Every structure is written in structure tokens, then in C-alpha cells.
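Worksheet: one structure, shown below.
Chain IDs A, B and C follow the sequence of writing; residue 1 opens each chain.
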Amino acid sequence: MFASCTDPAALGDLHWLVCYLTTAKHLSFYASFGTVLLLLAVTAPAALALGFAGAVAARSRVLLLSWLGKGYIALVRGVPDIAFFLFFVIALDQGVEYLRHVWLCPDWSEPIRQGSDFRVCPPAKAPLGNAPQWVHEVYGFALAVFTFALVFGAFAANVLFGAMRAVPRAQMETAEAYGMTPRQSFRRILVPQMWVYALPGLSNLWMVLIKATPLLFLLGVEDIVYWARELGGTKTPQFTDYPHGDWRMWYFLFLLVFYLAFTRLSEIVLDRVMARLTKGQATLGGDAQRKAAA
Amino acid sequence: MSCYDTFIDYGLRSIGIGERLLPRGDFTLCQQVVLIGSGMIWNIYFGALSLVSGFFLATALALAKTAQTPWVRKPAEAFIFVFRGSPLFIQFFFAYFLFLSLKQSYPFFTPLTSATWGALLVLFFNTAAYSAEIFHGALLSVPKGDIEAASAYGFSPRLRFRRIIWPTMLRLAWPAYTNEAIFLFHATTLVFFSGFPATAQKGDALYYANYFADKTFNPFIPYPILAGYFILLTLAVIGLFGAVNRHLNRHLPTAPQRRRTGMVPGFLR
Amino acid sequence: MKNLILPAALLALTAGGALAQTVRLGTEGAYPPYNFINDKGEIDGFERALGDELCKRASLTCEWVKNDWDSIIPNLVSGNYDVIIAGMSITDERDKVIDFTQDYYPPTASVFVAKTADANTKGVVSAQTATIQAGYVAESGAQLLEFATPEETVAAVRNGEADAVFADFDYLKPIVDAAGGELVIAGEPVPLGKGVGMGFRESDKPLRDKFDAAITAMKADGSLNALLKTWFGDATKTY
């Protein structure tokens, strides 16, 4: 990066380190923190939305919907996320391509499965075979987000399902007494009230989600752990200007600090949200707030 | 070779009983089901032992976190923070590294460099930290009135804890604790995946699923088998925890069951 | 409308010639000197140089893609890239699922590396999970110790967890050279595999043939040998 870095072997320790830490490879490492944060920022709302849909379906009075919701919660919650990432994403990718194939190439005569090969017509490839690399990366990232959202959506659905049941029945009965339709009481009473019961479970889920991001590399997304492993590994002088021994420990220590700091930050924010949600609620916490204010 | 023979040969392969070599050609569905199932022994071993032992440490940590004296509170808080705040695989990495260097100076620590004890210890600490946080939250939510009533009845602090606070805490914490148990069992798949080495091809369910996926180049058979086993395991955990939950809540009136109207939409009634 | 456009588009794709279609080359990026990530963060190594040259000769537009080793074949057959060029040995098992070109790296030996030359290669031997070397060690009767990455297999020998590590000679050699005598090659080399080749989907014969022809040409004019010497040293086996 710097002009003075052309001959690292001749540099002093500190200067060497500065040059080492600013190689293009390290810049990719720093950029991957952005990737991970972006993934979290997109996945969390998506998972919440899926979880909400799952919880509502599971509560539905229509048996079919209720089965669908409960089946989703039970099945996806039952599978370790890592197993999901090892086969589901390829299946998902093939599913997308298959649908596009049926839609775009109705006249295609060759079989799609040839032995172990999966071949759709070229226009149905997702992304197209001649698309630039960044399109592939965005597509891979989208698959990762979807998979993460699907997995964590099931856990969120479970939390929200419990939270909806935790809203005191008296509240719902009062709503009925006021003549609200089930739809109205759901929208105006149940949903606003359930968050305070759901938040502890959801924050726990958020903490687990943060820590699941190392699985990203299984999906072909280069995350911070991939780069830490790559950069930290022993480098022999033949292949780099900056040879060093096994430095994985230092890189992982750095990741550890990052994760701890991120967790701490999340805790602070979530505590604030909790305090806000508790306001005016008929819970112990709400009581305490009222007393403190009085 | 019939499936029964396969079962005899590989049913306990993950703990080193049976055939020495793994199957090497013509991988049958039966072999995959049996070997991956055999690997589940490890997942259950890691999950069950760390969960049970972690439960006690978690209770102690949760109590310590409520303590007035910082000498007790701060270490508990730090422990929970570090283990909750970092990904499991980083914990495995540092633990393995630490155990190796300990072993060099004190042979006493040799067993910890194997997954059997080392990974178990890490999982034990990990689940203790997560559970302690859950218990701590529940402890703060124990209704004040309950505690006052116990004191009014002349319960000693010790008895009051054992008979009132602790059971109430468990009751409140149980749904979240069930989730933690599920996550823990899932986390056991990371032991051999990125953490501890597998000796003599004795590994957990994911290790064998990985083996077959690598040999057959077809991920769509071994991983769904693995998923199937884990769904069964999770259902068992949920069932077991549900039974405990009913036991903990047996004195409470149950909410009236909402009547299902079935597949037929409402207007037909 | 759609039906009208599509055949035309298909025609354009095929008629536009191979130049329009990008060929995606999949590699691991963690196996020097075959392939690795250099200081610039780009894929580098023997296979990078070879792949670029082959693409030039076959007049194809090529693009490099990184993929995890474990899922490198499933992702090829699923169509996420078109070629595997990742130091992959040609084996019968793999040949059943994918097609290989002729070898562009001659069959070589895998070796044991240990702290002393007379180390017990039938004792505890470390190898990377799911490699042909791991399979060989398991069958040899030695106690196999499997790690997820090659880095850890060598570390296991350094810290005494394993008596020896068993891996490709070309992966271990630079490490032994840089270790300053701490690590040495032990026991006899073991020939495994039938050399290293590029992997293709079985249904991709035309593409395979193009690369195969380019490799033949490079062998004939000696440019492959020159490339081998650049990356593996003058003592390496050539064609």
C-alpha cells in the first residue's frame, strides 16, 4: 500500500508491521467485517419477519396453516445450522435454477440430471454464466441471508409463539369486551404487548446469531474467520514478502476482542430497548419503572 | 452384506468397537444411516454431560451474579461475558491451544487434549455461562411477594432458597433453558468440525456425514440423514423438558385450551 | 413474446462463440504452491499461472472463484463454476463423478514429515480430514489423527501430538525448508493418485477437450515444464 513497503525484508520491526498490516490481503480482512455486519443487519429483520409469520401460522385456527407453522418450527429448529449450510444452500440454488429453467426454457429437451450433473439451460443459470464476479458474490450473499433467516426464523417463531401466549388473557378479554374483532385485538393489543415478553428470548437469539457468522464461509462468503485463518497460518518466504510462523492465535485474539465488544454493544442497546418496551407494561419491570418515576 | 451385519460392524464404530476401517466403496444407505447414527453417541455424550454438569455451575454463577460483594459478583460476570460473548469455535481453538501447553508442563492435563474431555470441558463452561444468564434473568423476576411470604412463615434463608426461590427461578427460566439445551446439542457438531482432532476415525455424526459426503460427492443423502437424527434428538429434548416443565408448573391452573375449528373455515360452522 | 426472444438469445450465446461465455475456474486458495492467496489478496500459484495460460491458448475468458475444499465437487456438478483446478489428484473415486483432463502435474509421492528422520510412521500420524492421505493412513494401520486444515496437521507434529504428518510432498517441502531443521522428511515416499488434473462436469466434454488439447500443446512445447520448474524448483519431476 505504501511506497516504502517495496522491500519488507529490509524494514525495521515497527515499519515492517505497518506494511504487513496494510497489505491488500489485510484490507480484504478489514472489509470482511463490513460483510459480516451487513449480513447481520439484513438477516435480523428477515428472520424476525419469518418468525412472525411462523408464529402467526402456528396460532392459526385453520388446521393446515397451524400444521405448517408448527412443522416449520419443529423441523428447522431441530437441525443444527451447520448441517443446513452444508447441503441446503446447494439444494436452494438448484431449486432456483430449476424453476427458472421450467419458466425460461419450456422447449429444452435434454435431461436436467445427467448422472450427478445438474444442468439447466444456460439462460436459466443463476446468476448467468457470463455475469461478472460481483453478481455471483451478491447472489451467494443473498442465499446466505435467506438460509440464515430461515434457520433463525424458526427460533424466532418459537419465541414469538411463546410471547403471544404470555400476554395476559385478561388483556385479550378486555379487548373482546370492548367489541374488537379478533383481527383488531390481535393488531392493537396482542402484537404491541407481546414484544416485552419476546425481547429476552429474541436478544438471546441475536447473541447466538452473531456467533453463527463463522459459518458463512461454508456458503462461499469470505467472512472474518476465513481471513483470520488464512492470514494467521504459517507463511513460508517462497510465497509472501512477509513470512511468519503460526500467528493464528493473535488473529483469533483480535476476533475475540471484536466479538466481545460487539456483544457488549448489543447488550447495552438491547437493555435500552427493554427499558423502553417495559414502559407502561403490567409487569414487574413496568411497576419498578413507575415507582422510580413517582 | 445385509444391513444387520452392517449394524453389527459399525453400530459402535464411533467409540472404536467393530470394524477398524470405514466403508470404502459401494456406500449403501444402510451404512450411512448406521455410521451417522453411531456418531450420534458422541453428540449425546457431549450434550447430555455438559448440560447436566453445566446446570449446577449455572445455578452457582447466577447466584454469584446477584451477590453484593464484588469479589464474588465480578468474576461470575466476567466468566459469563467471555463465554457468552465469543463464538464456540474460538473457544475451542484457545482451549485446545491452552490444553496443549498445559500438557507440556503437567502430564496431568494430557486427557484434556482429546475431544473426550477437552471439548466436554469447553462445552460445560459454555452452556454454564449461557444458562447462568438465563437463570439470572429469572432470578430477578421471582415475585417479591413469594419471598416475603416465605420469610413470614419463618423459612431460614437456606430453606427459602431451596423451596421457594430456586423452583420459581427454574419455572420462569425453563422455556429459554429449553432453547439453550437445543442449541447446545447442535453445538456439539462443531467439536470435530473445527476444534479437536478426530482420532482413528472416531467422530461424531457430522464427522461421518462429512466422510460420506466426501466419498460419494453427494451431500443430499448424508446431511439429511444427519438432520433427521437431530430432529429426533431435538424432539426428545423438547419432550423431556416439556415433562419437567409440566412438573414445575403442576400447581398452576392450566389455561383453557382453545378449541380448534379444524380444516373447515369458520363460515361453514 | 418470451418464446420468440429466447431462441434468439440462445442462438446469440452459441453463435457469439466461446469468447462471450465466461469459464469459471474454481480453486481452494489454501494449498501453496498449487494455489494460494498472495499479499495482494489475489489467487496466485502454479495453477493460477497455468490456468491463465491455458485459457489464453484455448481463447476463453476465464474467471477465478474460491471455494471451500469440502464442497468443491458438489458445487462443480451443481454448476456454480465450470472447472476445478485445485491441486486435485486424479483418483478412481473422483473419476466416477467428474471428468478429468490428462494430468498437468506428474504423479508424485506423498511423504511423512516428522521431527526426526527415523520417526515412527506407523504411530500417530496426522492428516487433513477427507484427503486421500487420510484414507491411506487409516488403511496403513497407523493411528490416524485428523484435522480440518493442513496447517493444523503440521502444528500437531511440532507440538508432539502426532509422530508424523502425511501429506503431499510439494505442500510439505517449503515448510520443511523454512523450519530450519526442526522438521525433516521421514520414511519412504508413498506414490498416491495419478497426478493432478483439472476436473469437469461429465456432461461438459467439449470444454474438457479444449483444455486437454491446450495441456497437450503446453507439454509438447516445453512451456509446462518451465512453469513446473518455476514453482516447484529445478529438481521437480517434469514431462
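The criterion applied here is as follows: a contact is a pair of C-beta atoms (placed from the backbone, for glycine too) under 8 Å apart; a residue touches a chain by one contact, two chains touch by 3 or more.
The structure presented is a predicted model; accordingly, all values stated were derived computationally and were not measured.
Chain centres computed from CA atoms place C at the largest separation from chain A. Counted by C-beta pairs in contact, the busier of A-C and B-C is A-C. Rounded to whole angstrom, the centroid-to-centroid distance between chain A and chain B, based on C-alpha atoms, equals 22 Å. Separating the centre of chain A from that of chain C, both taken as means of CA atoms, is a distance of 32 Å.
We define each chain's centre as the mean of its Cα atoms; on that basis chain B and chain C are separated by 38 Å.
Within chain C, contacts with two or more other chains are made by residues 70-71, 74, 77, 97-98. Multi-chain contact residues of chain B (touching two or more other chains): 193, 210, 213, 217-219. Residue positions of chain A touching 2 or more other chains, listed in rising order: 86, 90, 116, 248. Contact residues on chain C toward chain A in their complex (touch as defined above): 2-3, 6, 9-10, 13, 20-22, 24, 29-30, 32-33, 36-42, 44-45, 61, 63, 65-68, 70-71, 74-75, 77-80, 82, 97-98, 149, 151, 154-155, 174-175, 177-178, 201-203.
Note for the complex: chain A touches chain C at residues 23-25, 27-28, 86, 90, 93-94, 97, 104-107, 114-123, 125, 129-131, 133, 136, 217-218, 220, 222, 229-230, 233-234, 236-243, 246, 248. Interface residues of chain B, counted against chain C in their complex, comprise 21-22, 24-25, 100, 104, 113, 192-194, 197-201, 203, 207, 210-211, 213-215, 217-219. Of all residues in chain C, those touching chain B in their complex are 70-71, 73-74, 77, 93-94, 97-98, 126, 129-130, 135, 138-139, 143-148, 152, 156, 159-161.
Residues 61-64, 66, 74-75, 77-84, 86-87, 90-91, 116, 155, 158-159, 162, 165, 169, 200-201, 204, 207-208, 211-214, 225, 248-249, 252, 255-256, 259-260, 263-264, 284 of chain A touch chain B in their complex.
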